[in-house]
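Each of the next two complexes has subunit A plus one more chain, namely subunit B in the first and subunit C in the second.
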Partner chain A sequence: MATTRIGKKLKTIGFYAGAIALCVPPLFVFVWMILTGLKTGVQNISYPPEFIFVPTLENFRAVFEQYNFFHYLMNSLIIATLATVTSLLLGLPAAYSIAKYRQGRIGILILIARMLPFVSYLLPWYIIFRYLKLIDTYTALTISHLIITMPMVIWLMVSFFESMPAELEDAAMIDGCSRWQSFIRIVLPLMRNGIATSAIMSFIFSWNQFLFSLILSGPQTKTVPVAVYNFISYGKIDWAGIGAAATLIVLPVSIFAFFVRKSIVQGLTMGALKD
Partner chain B sequence: MANVIVKNLVKRFNAVTAVDNLSLEIHDREFAVLIGSSGCGKTTVLRMIAGLEPITSGEVFIGDTLVNDMEPKDRDIAMVFQNYALYPHMNVRDNLGFGLKIRKFPKAEIDARVQEAADILGIHDLLERKPKELSGGQRQRVALGRAIVRKPKVFLFDEPLSNLDAKLRVAMRAEISKLHRRLGATIIYVTHDQVEAMTMADRIFIMHKGTLQQTGAPMEVYLKPANLFVAGFIGSPSMNFIEAKVIREADAWWIDAGEFKLRAPAAFDARLEPHAGRTVIFGVRPEDMTAHDPAAGAGGGNTLTARADVVETLGAEIFVHLTCGALAIVARMEAPEQPLTEGQTVDVDLKMLKTHVFDKETSQTIV
Partner chain C sequence: MTTALSAVARYVDRRQRFFFPAPAVAVLFLIIVLPIAFNLYLMFTKWTVGLGEPRFIGWDNFVEIFGDERVWNGVKVMIYFSGASLALELFFGLMIALYFNRTFRGSEAVQAIYIIPFAATPVAVALIWRIMLNPEIGVINYLLTSIGLPPGLWVASPDTVIATLVMVDVWKWTPMITLIVLAGLKSLPHDPYEAARIDGCNALQIFWYITLPLIRPVLIAALMLRSLDNLKEFDMIYTITQGGPGIASETLYLYSYNVSFGFFKAGYGSALMVIVFLVVLVFNVLMNRLRRDASLV
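Now for the complex of A and B:
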């Protein structure tokens, strides 16, 4: 008895030690970022680093006033929303037909498009979009983000659609639905969790996307990750500004993810465990 | 209501022929049961009638209308699925009303029909519940209700009772029969359970390997099976099949199984004669065997002697697994006052008029 109790305790201690060891490095970076945003420029380059200091919100104010950060936040919001909505509109029917008609090969093709190094898209896209006079437009940025968000929607949703009993649709078709009606009135409502998960993931990935936005955006459509990059200039690196801006970028998605974490976990594991 | 006619129906899945040139006619208001072992194509036939499965070739008529190219929704049918297929995100009321709502019935009409179906099935208390809050039997009722509210021409049932426990199945069986009488509907019911077929059907359609083996009223297929398959499929425990020779002796036809010899009734004479000297399959149902009555004496030509290997007691009756040389025979008889002991030698009388003889090559019934 005593030995098993000790064993249990050791196990618990081991579990938490492991969990902490895994969580500390990424959390430290996160905390460091926030601290950087709360320090002055001088405090940021002092060595050894200061952990106890009087925090200042000056950097946050500067980010909004000097750099027009609100504009970039809106850009990011608009583009991430457009990319998410478009990839759901196109991706849901695509995933449905891949699942329903066993079009695994098309699924693989979409996956390959996603796995190609993004750099390889840059040059052709730049040329095409410039030719179409779409550089520095929401259209170009949204389309480019689709290469990331749509495969995600499709691959997540295929497993969701596959897990749905076919009889439900049969019943709907006999009850009087056309195929589209049964898709919209029966299938989609049952896929709520999956749709929520893929929408959230799409939004986050588009929000964080840097490379395409860097090349295809301009003064009008610059997104927040690119704006932060502009804090690095030839002369100096505005660490305090970067810290404040980065905190502002991470904050909305973090809060968002915190509230929907349950549905994300459910969504990501659901296809794996058919009931 | 309407009749359903299927003409030369074929269904191929790649190289596999699931339904092979099947023709059948189901009358208006008839309770038709399609039965066969799993993989015989019965569900595929039902799904083709429903329009859920494309037809390779052949024709399906509902009423007088050729429905081959019609969408399921335009065929005016309702279907009850094995796993109920209730819409999980809707409560029972919405599940029942969905088919009417999508067909744009007025709200008052929908409410009235849902109410009526709930009355018939006794599911009033469940109307606001979600399917996951219902037991198997309740789900089955809701699935039935969803079919009833539509008042379709034809009801299609795809093994609706196979997910229920034995007791509930008996109850639902009676309920579906009652429902059939009450609605006067044409019903096509697919099952692999011969008890369901025997108890509910007006006519049974027996399928095997994608082809129709026999059609008839339950007692007709039981008493006069068309071939070996039907004879073995209908009845429980199944009919005993014994390879035997037809021989002529002492002015009578005899079935000679080697281990025993049985005298065929005179009524069999004409049909046995062409098979004189040939090997046939002799069939006797377990329930057509009784413990030998000593008063009848020996020499009736209908008695065989065997060893009782296993005796299964079911209360009023017993199943006796007999061995007669190399032959294994099952008999189903009233429990005798003096219990049979295993290993005991018993004499068993056969009701010879109820036995069957099948052609060994063609499997068709001779007698």
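Now for the complex of A and C:
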């Protein structure tokens, strides 16, 4: 009797020790990021590092006023929104059809798209966009981000559509709806959770995208990952600015991720777990 | 007029299986297949972007690859980095998934915190790691020395740079493996566990003889998915080391980027990218075969 109670206690202790071990690495990096943004430049390069200090919001002001960070946040917001909306408009009917008619070959095209090195899209696109004088435009960046967001939206939605009972749609057809009408009026409203998840995932991956934006953007359309990266290319490294900017970039997507964490697996596995 | 329109509408409606995916497939074709065709042409040419026209040189780029020391260095770095990070992510991912598979009070909250790194913008968190890993003023060396451990050179030394990048990669991506494996664990059948308990197996035996064989296909699938991005890791390495010190952490993929956009050698860069693609493809074909065998067991 007594030994099982001790065993149970040890188990509980084990669980909470595990919980601490799992929470410390992510939290430490995040707290350090925020602290870096709240310290002055001098405090950031002092050794030993300061853990207790008077926080300043000066860096956040500087990031907006000197580095024009609001402009870059807007760029990221515009491009991620355009890429997500386009992916949904094209991807929703496609995913529906793939799920309904089992069009597996389109799936293979998408899998190859994921296997290819991104640089191998980038070089041709860079040459084409340069020729069309589209470097540093929202058009070029949105198109390049579609390479990532569209396959993601399609695969996510295929698995959501497959989980939908076919009877509902049949009922709509009997009521005299065309296929198109039943898709718009019956199917899509039923799928609103799935659509929201795909939209958020697509937004996160476009927001985080670095490589395409690094090459295809310019002063007008620079996105936040490229902007924060440039903080280290100005000769001296502005640690405080990086801390503040990184906080502004990471916080929105972390909050988004919190809401879709249950569906993330489907987005990642892209159906690979099903068979 | 209206009859003509409705006739068109009916025509489209009857051919839903063609017209629904058609726009997406057309766009995918344009943004994915077209550039690849362009690449396949460029890899047989010598061309510096902005200077003259591409000149056809046959297989010369591939001959050059064999004599290029940076290619072999890139292959070595890629094997070391990807081998170590994939193995560690798989191991920790499985262990942590087993941990989360048992619910306890507060496990939801722990999970929510644990998966933060996975969604965080790679460039932004990589920069924070770069600050923390600074050998002179970084907080990690401070914490190590304050508990009596020797400080490290981390990414400043060619000897430790890859191991350090592996550490950051494991920090960021183990949650992804965990989520996939956890989903797999939740869908395992109950019967074998019942039988094992009746037969008096202990926890280790149950893990080794039941859970591991059952979860193996999922583990391999997770490894495949992770490898798609890991073999082409760019953001983090580029942000923290840019392939340095020297070329100590320059993977084959990073080198192909440098050739294409540092030196603007489009032909040679395309040839290198084909090699990277083949590495990813071969790895995944092998893994897929392993997965098929595993699911037959």
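The working rule: the second predicted complex is superposed on the first by the 244 of 275 C-alpha atoms of A that agree within 3 Å, B and C clash if a C-alpha of one lies under 4 Å from a C-alpha of the other, contacts with A are read in each partner's own complex, and residues count from 1 in each chain.
We take it that contacts are C-beta pairs under 8 Å (C-beta built on N, C-alpha and C of every residue); 3 or more make two chains touch, one makes a residue touch a chain.
Keep in mind it's a predicted model, so treat the numbers as computed, not measured.
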### Fit-or-clash call for subunit B and subunit C when the two complexes are aligned on subunit A
fit
### Message
Just checking: does A:P189 make contact with subunit B only, subunit C only, both, or neither of them? Give me first, second, both or neither.
### Response
first
### subunit C, subunit A and subunit B - angle at the middle CA centre, rounded to the nearest 10 degrees
90
### Task
Classify the contacts of A:L168 with the two partner chains as first (subunit B alone), second (subunit C alone), both, or neither.
first
### Query
With the two structures laid over each other on chain A, which partner does A:I242 touch: subunit B (first), subunit C (second), both, or neither?
second
### Message
Going by the contact rule stated at the top, is it subunit B or subunit C that touches a larger number of residues on subunit A?
### Response
C
### Message
If we overlay the two complexes on their shared chain A, which of subunit B and subunit C does A:P219 touch? Say first, second, both or neither.
### Response
neither
### Message
By the touch definition at the top of the document, which applies to A:S178: first (subunit B), second (subunit C), both, or neither?
### Response
both
### Task
Mind working out whether A:I110 is in touch with subunit B, subunit C, both or neither, as first, second, both or neither?
second
### Message
Taking the superposition on A as described, I'd like to know which of subunit B and subunit C A:L27 touches: first, second, both or neither.
### Response
second
### Shortest CA-CA distance between subunit B and subunit C [superposed frame, angstrom]
8
#### Entry: Residues on subunit A lying within both footprints (that of subunit B and that of subunit C)
178
### Task
Would you tell me which residues of subunit B are touching subunit A in their complex?
47, 50-52, 71-73, 77-79, 81-83, 85-89, 98-99, 102-103, 146, 150
### Summary
In their shared complex, subunit A is touched by residues of subunit C numbered 9-10, 12-13, 16-17, 20-21, 23-25, 27-29, 31-36, 38-39, 42, 49, 96, 99, 102, 104, 106-107, 110-125, 127-132, 136-139, 142, 146, 171, 176, 179-180, 182-184, 218, 221-222, 224-225, 228, 232, 234-235, 238-239, 253, 256-257, 260-261, 266, 269-270, 273-274, 276-277, 280-281, 284
### Query
Which subunit A residues qualify as touching subunit C in the complex?
12, 15, 18-19, 22-23, 25-27, 29-30, 32-33, 36, 44-49, 90-91, 93-94, 96-98, 100-101, 103, 106, 109-110, 112-128, 143-144, 146-147, 150-151, 154, 178-180, 183, 204, 207-208, 210-211, 215, 224-226, 228-229, 231-232, 239, 242-243, 245-246, 249-250, 253-254, 256-258, 261, 264-265, 268-270, 272-273
### Message
So in the complex, the part of subunit A that touches subunit B is made up of which residues?
### Response
165, 167-168, 170-178, 181, 185-186, 189-190
